[in-house]
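Next, two complexes with chain A in common: one pairs it with chain B, the other with chain C.
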Partner chain A sequence: MNLQSISKGRLFWPLVALFLMVMVNFWFNPDFFSIKVVNNGLYGSVIDILNRAAPVMLIAMGMTLVIATRGIDISVGATVAISGAIAAALIGGSLEIKDGVQTYVSNTPMSLAILAALGVGLLCGLWNGFLVAGVGMQPIIATLILMVAGRGIAQLITGGQIVTIYYEPFFFFGNGFFLGVPFAIYLVAAVAVVLLLLVHRTALGLFVQAVGLNPTASRFSGISARALIFWVYGFCGVTAAVAGVIIASNVKSADGNNAGLMMELDAILAVALGGTSLDGGRFSLIGTLIGALILQTLSYAIYSLGVPPEINLVVKAIVVFVVCLIQSEALRNMLFQRRTRVEGQA
Partner chain B sequence: MLKSRRSLLSAIVMGLVAGAVAMPAFAADKKITLGFAQVGAESEWRAANTVSIKEAAKAAGIDLKFSDAQQKQENQIKAIRGYIAQKVDVISFAPVVTTGWDTVLKEAKAAKIPVVLTDRSVDTKDESLYVAMIASDFTEEGRKAGKWLLENYKTPGDVNIVELQGTVGSAPAIERKKGFEEVIKADPRFKITRSQTGDFTRAKGKEVMEAFLKADANINVLYAHNDDMAIGAIQAIEAAGKKPGKDIIVIGVDAVKGAFEAMMAGKMNVSIECNPQLGPQLMEVVKDIVAGKPVPRRIITKEGVFPMETAAKEFPNRKY
Partner chain C sequence: MAQEPILEMHRIHKRFPGVVALKNVGIRLFPGEVHALMGQNGAGKSTLIKVLTGVEKPDGGDIRLAGKKIQPGSVLEAQDLGISTVYQEVNLCPNLSVAENIYIGRFPTRGPLIDWPLMQERARSALKALNLSVDVSLPLFSYPVAVQQMVAIARALSTEAQVLILDEPTSSLDEDEVGRLFEALRQLKSKGIAILFVTHFLDQTYAISDRITVLRNGEFEGEYMAADLPRLQLINKMVGREIDESAFGRQEGASNADSSGRRPFLATQRLGRAGAMQPIDLDVRCGEVLGLGGLLGSGRTETARMLFGIDPADTGSLSIEGVPVRVNTPHRAIQNGLAFCPEDRKTEGIVADLSIRENIILALQAKRGVFRFLSKKRQSAVAEDCIKQLGIKVADAESPISQLSGGNQQKAMLARWLATEPKMLILDEPTRGIDVAAKLEIMDLVKEQCRKGLAILFISSEMPEVLRVSDRIAVLRDRQKIGELAGNDADEQKVFRMIAGVDS
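This part shows the complex of A and B:
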């Protein structure tokens, strides 16, 4: 079975949706594609969208694997808040003014702080994995626990305050440029390439699909479904932690209350828009990335077109609804093949 | 049945309260007891608000019973019922939402315990359910922001203002917008060209400002409904290669510490204070109520305007 040829066909409609979203932006904002160089970095709407979509793209990739195993992880937003809070608390929350000059202090070495943040993300993920694979809880309930408790934990770490970070090197993750491109985009690309290689060049992709399609059958064929699910949740936690570090770095602060709020829904939506079925089994990482870009392009359009804030969510909902309809095979058949019966009802 | 449930509740609340404030449960002489039901600890502003109330109570010699509702109305109602059962002298709370308070307030009234609202108002037809409200006037804050802009923006020509609104539908967002618009209407040069919500957060403020800057080359002024959004937007303005505070005038509301740091660095022009330190005013009102003196129904907190020139001098005094 060739996974690539399957995904190619399925990517067509998500790409169409993304193209339409981009065109809407271009229609209202002729400068949409213009890119210039400001402060050693590329500067333009397209760059913004890629940069802003980075956290959701990362989380959505982890989410894709979780969903492919018939699971779901609604705790990723809370994990974002926890990892951001840990990074901020460890790196430095005080501004020191010496002789009228603001100096940057870091409480713990930055590499250690980031490792700690990622480690805690992994722990959060493995906790979910343990509840789902070990205890046998339903994924939505299992991850609901951390979703609710996680924000409390993040608040505890930040002491209920917004912790401002005063350590310049840390800002690179969310604001820095490498060869003119925002660093966060490289992080996404790196995770995506590694994951695609793992999924397509090794048996891992097949295992994940098998577990999602039929856990019992996959167990009989020798796949350790429990261990696989355990680590897939762990990986999802890590992607959330990376996103948390990027977000904290981007705004130079950690906000236990609001960081990553509702992000789990954006990630799930990105997965769905990318053509992965929430029933598990077949999945498309590239589709997920496109899904995340569709969402961010849509938000960008809302900000720059002057949509009144009161109806933001309505506009978003309508567009998402239409995109989902476009992707629905059943609907297309209904429209184009006039009343011929759809076989096998998708 | 109901009674035993209540006493159980009050026991729980008492336990919470005892944990929240380290204060002996049995005071020696007849101290005034105040039951305060706080919203939660959702922001720097709220944290400062809590500290102010606790410190002011201590200083005034008032026995404070404090509870944290974690942003949930049902928790606040439980706490208030607990205070009624404990027969405190005065109940005070900062309502999470505006509606749904009538029942519990009627219970307090039946128990003859006066209620003082802080910080936010409630929506009720029966005005007798509370005796006073101490709160900021958000509309006035918006007006102050507008006034500062009219008085200080001297460059001739049209002034294009972009606005970062607070959470859609929240009272501060609606009223700060209203007050600001009211004042700038007086001068046709000033126009709000773009307005979008930034949810009161740094991350959203930055994201929205980035999009504004790309879509619109002519932005002269940024008016943010709180300082956190302004701080996020300042980062976006810098990333666009412009100088916040000079190329784009930045106005925020709240006067939190972060805003003072930005003003000291010359990146923000003014912050309108929204004072969370209403503890001392609250304690005064509580004493007056217990002493049977008449109190005004609407008490406005004392609030200032801090332009960047005063930031360095004021910074050491900031508690939040």
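This part shows the complex of A and C:
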């Protein structure tokens, strides 16, 4: 009985999938769990997965709220590119020697550049929110506009080039360690804590669910559904911008063409793997984080097992397909019913 | 008229699982006549039309077209036989041109190619026959609904129909547009086409019909010439009671005291919304139940939606406690102390997958806003309180509200609104779809709240219910307020007389 109630919990199947994925890694790579201390930083497969998953985890959290309101945002990849380009263009940077001391000089103060990148991310999100909630466009079309145009905007900012950043303090976001743990993980944790507080300690969670489940009844109950949807898209834009800054910092450059490419799909997949229905309504932020980790663990396994690069997308697709099947209640019921029927006959 | 009917349906039976939808129903359509099919909701009008147009197969009875027995198995077959239908919602393709819409599926061709000039020429003349000249090459969506409705009729007629069925064609049209439609119908009449017209509007019935068939509870009530059937009698026949003044004693209003001296809570001056509700003057007083009386389509729900800011008014003004306010969203309405239990509980009321607790506190939390969060403990306290007070039968406030019975769901909706401590409660069909015992309980709850000083606007399609609970009744007809009656000297006959426009 107890087991049954656990398996009905919404996080059960995502956790099972993550556990299996980790075990596959461990099977082929006994060193999977080992963590070494190098230069005051922790290194190891697990840390690496957490660190690499950070951008998708961030975006997927914003995406979770969007999807819970029956929406979708396929422009987050482009927003990543735009915010990365803004940060890179504003920081630029060079190494100068002043009074015989080497100092890093940025074009604009770094804090300002990062605020600008996040602000632009917010604007991108609010633009989507305006199209969906204000104009009444279908979310996939509304965000498709920015998905296409955003790449162009990012390239305009970078002048069609890959802009390299020469300002070392900026590299900390994507490469630095704080108390031994990669800094990007702290960013994920901070956003997750803020979001969990908002969802559980304000009425945001209730309103998002109500709007996703029954928009009409929610409006009739006095929820300002349009304002809510507007800001949810705005928030999603901000998470994409944070991811964009991390990525730009990590690769020390901004590439309007390739930064965040296809990331919207990974984010949506993470949400789905985490057990949030794409029909809107009930959602799980923790589930989404687990979903993002499933994806990253899978990628890690594919690389570490030496799956030939030409088939690794196929392998990824097959695994994702199986994980989705495991989570499908309809399929489980079908299998379960068949088993009981066989037992009944025996 | 000594003519033979062109179409005759005889002793039609239709059963759906659990209900008998049609029992011994017949109808006769004569060439060159407009025949109105009347009846309340659930009387069987739409089922009858579905049987006639081949959507549903009858369980018994026969249909004769020009003396020959027919059994249409689909809309297409019915159309080939000469029975064309125009549905309530225009079901054409808005992105195609007018001409394409009229001839879709039957494009005139020249060899393997569509003959566009010929098609446009024919479309023009088909519309001309309806007194309409528009550019037939433009997409349909560029025209107003009335024109679209005409296009639908032109399409129906282009199949050489002998019988034209119009299922509430006027529900989305304004007065001028209805006039144009009727002109077209009169022309069709003169060409000998038999028209079956379904509507809820009494004025329109009398403006256009020659003959009226009344259905009630799936049974044939009678066929009458429109000229020989006074409105009041028509209403009586639809409602199904010979209304006799002595049969109804004094209704117990919520308060026995004379309410005219009470403080008005909400007052409207010429408040209206184009296409939904003609300008209306209403005042709802504290501690008083104002009933909205009227037949289906008279504008009862439209009035409620307008007051609550769902479909905001575009003319007139509204004041609450003497202060003019603009209520353009439900949120604003709630801030002003209003509450609204909508008619359609499933799609507009409950959020099925949320728990009973969450459903109850939803409006209260919305009134407080996102950041003034009710802790889960306080939510539970509020919910438990409401559950006890209203006697909602639940095992666990955390289970989904969809598990409750209809009556208990409705009580939970009442609880949702009472939790916001409103000053005025709008109840649209609060007793629909729930059993008798729950009905009485809900009526008692309404009266009790009213005695506590709540202003209540009560809407129900069941006139006895309105009469029993209301202190005053505003009578609506065809989206207009036509008068007001004091509860203690109102009875069904007076209300229906007023609706019929007969002086009592």
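The definition used in the following text is that the second predicted complex is superposed on the first by the 318 of 346 C-alpha atoms of A that agree within 3 Å, B and C clash if a C-alpha of one lies under 4 Å from a C-alpha of the other, contacts with A are read in each partner's own complex, and residues count from 1 in each chain.
The working rule: a residue touches a chain if its C-beta (ideal position, glycine included) is under 8 Å from a C-beta of that chain, and two chains touch if they have at least 3 such contacts.
Every value quoted in this text rests on a predicted model; they were computed, and no experiment measured them.
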Clash or fit, chain B versus chain C on superposed chain A: fit
Which superposed partner A:Ser75 touches (first chain B, second chain C, both, neither): neither
Which superposed partner A:Ala210 touches (first chain B, second chain C, both, neither): second
Which superposed partner A:Thr239 touches (first chain B, second chain C, both, neither): neither
Touched partner set for A:Thr143, first chain B, second chain C, both or neither: neither
Most chain A residues touched (candidates chain B, chain C): B
Partner chain in contact with A:Ser83 - chain B first, chain C second, else both or neither: neither
Touched partner set for A:Gln327, first chain B, second chain C, both or neither: neither
Vertex chain A; arms to chain B and chain C (CA centroids, nearest 10 degrees): 120
Which of chain B and chain C A:Thr288 touches, first, second, both or neither: neither
Closest approach of chain C to chain B (Cα atoms, Å): 19
Intersection of chain A interface sets (partners chain B, chain C): none
Of chain B, residues touching chain A in the complex: 41-44, 46-47, 165, 168-169, 194-197, 199, 201-203, 206-208, 210-212, 214-215, 228, 232, 235, 239-241, 258, 261, 265
Complex interface listing, chain A residues touching chain B: 29, 31, 38-39, 41, 43-45, 48, 52, 95, 102, 155, 159-162, 164, 175, 247, 250-253, 255, 257-259, 299-300, 302-310, 312
Chain C-facing residues of chain A, complex: 201-204, 206-207, 209-210, 213-214, 216-224, 228, 281-282
In the complex with chain A, residue positions of chain C that touch it: 308, 310, 329-331, 333-334, 340, 342, 347-354, 358, 362-363, 365-371, 373-374, 416
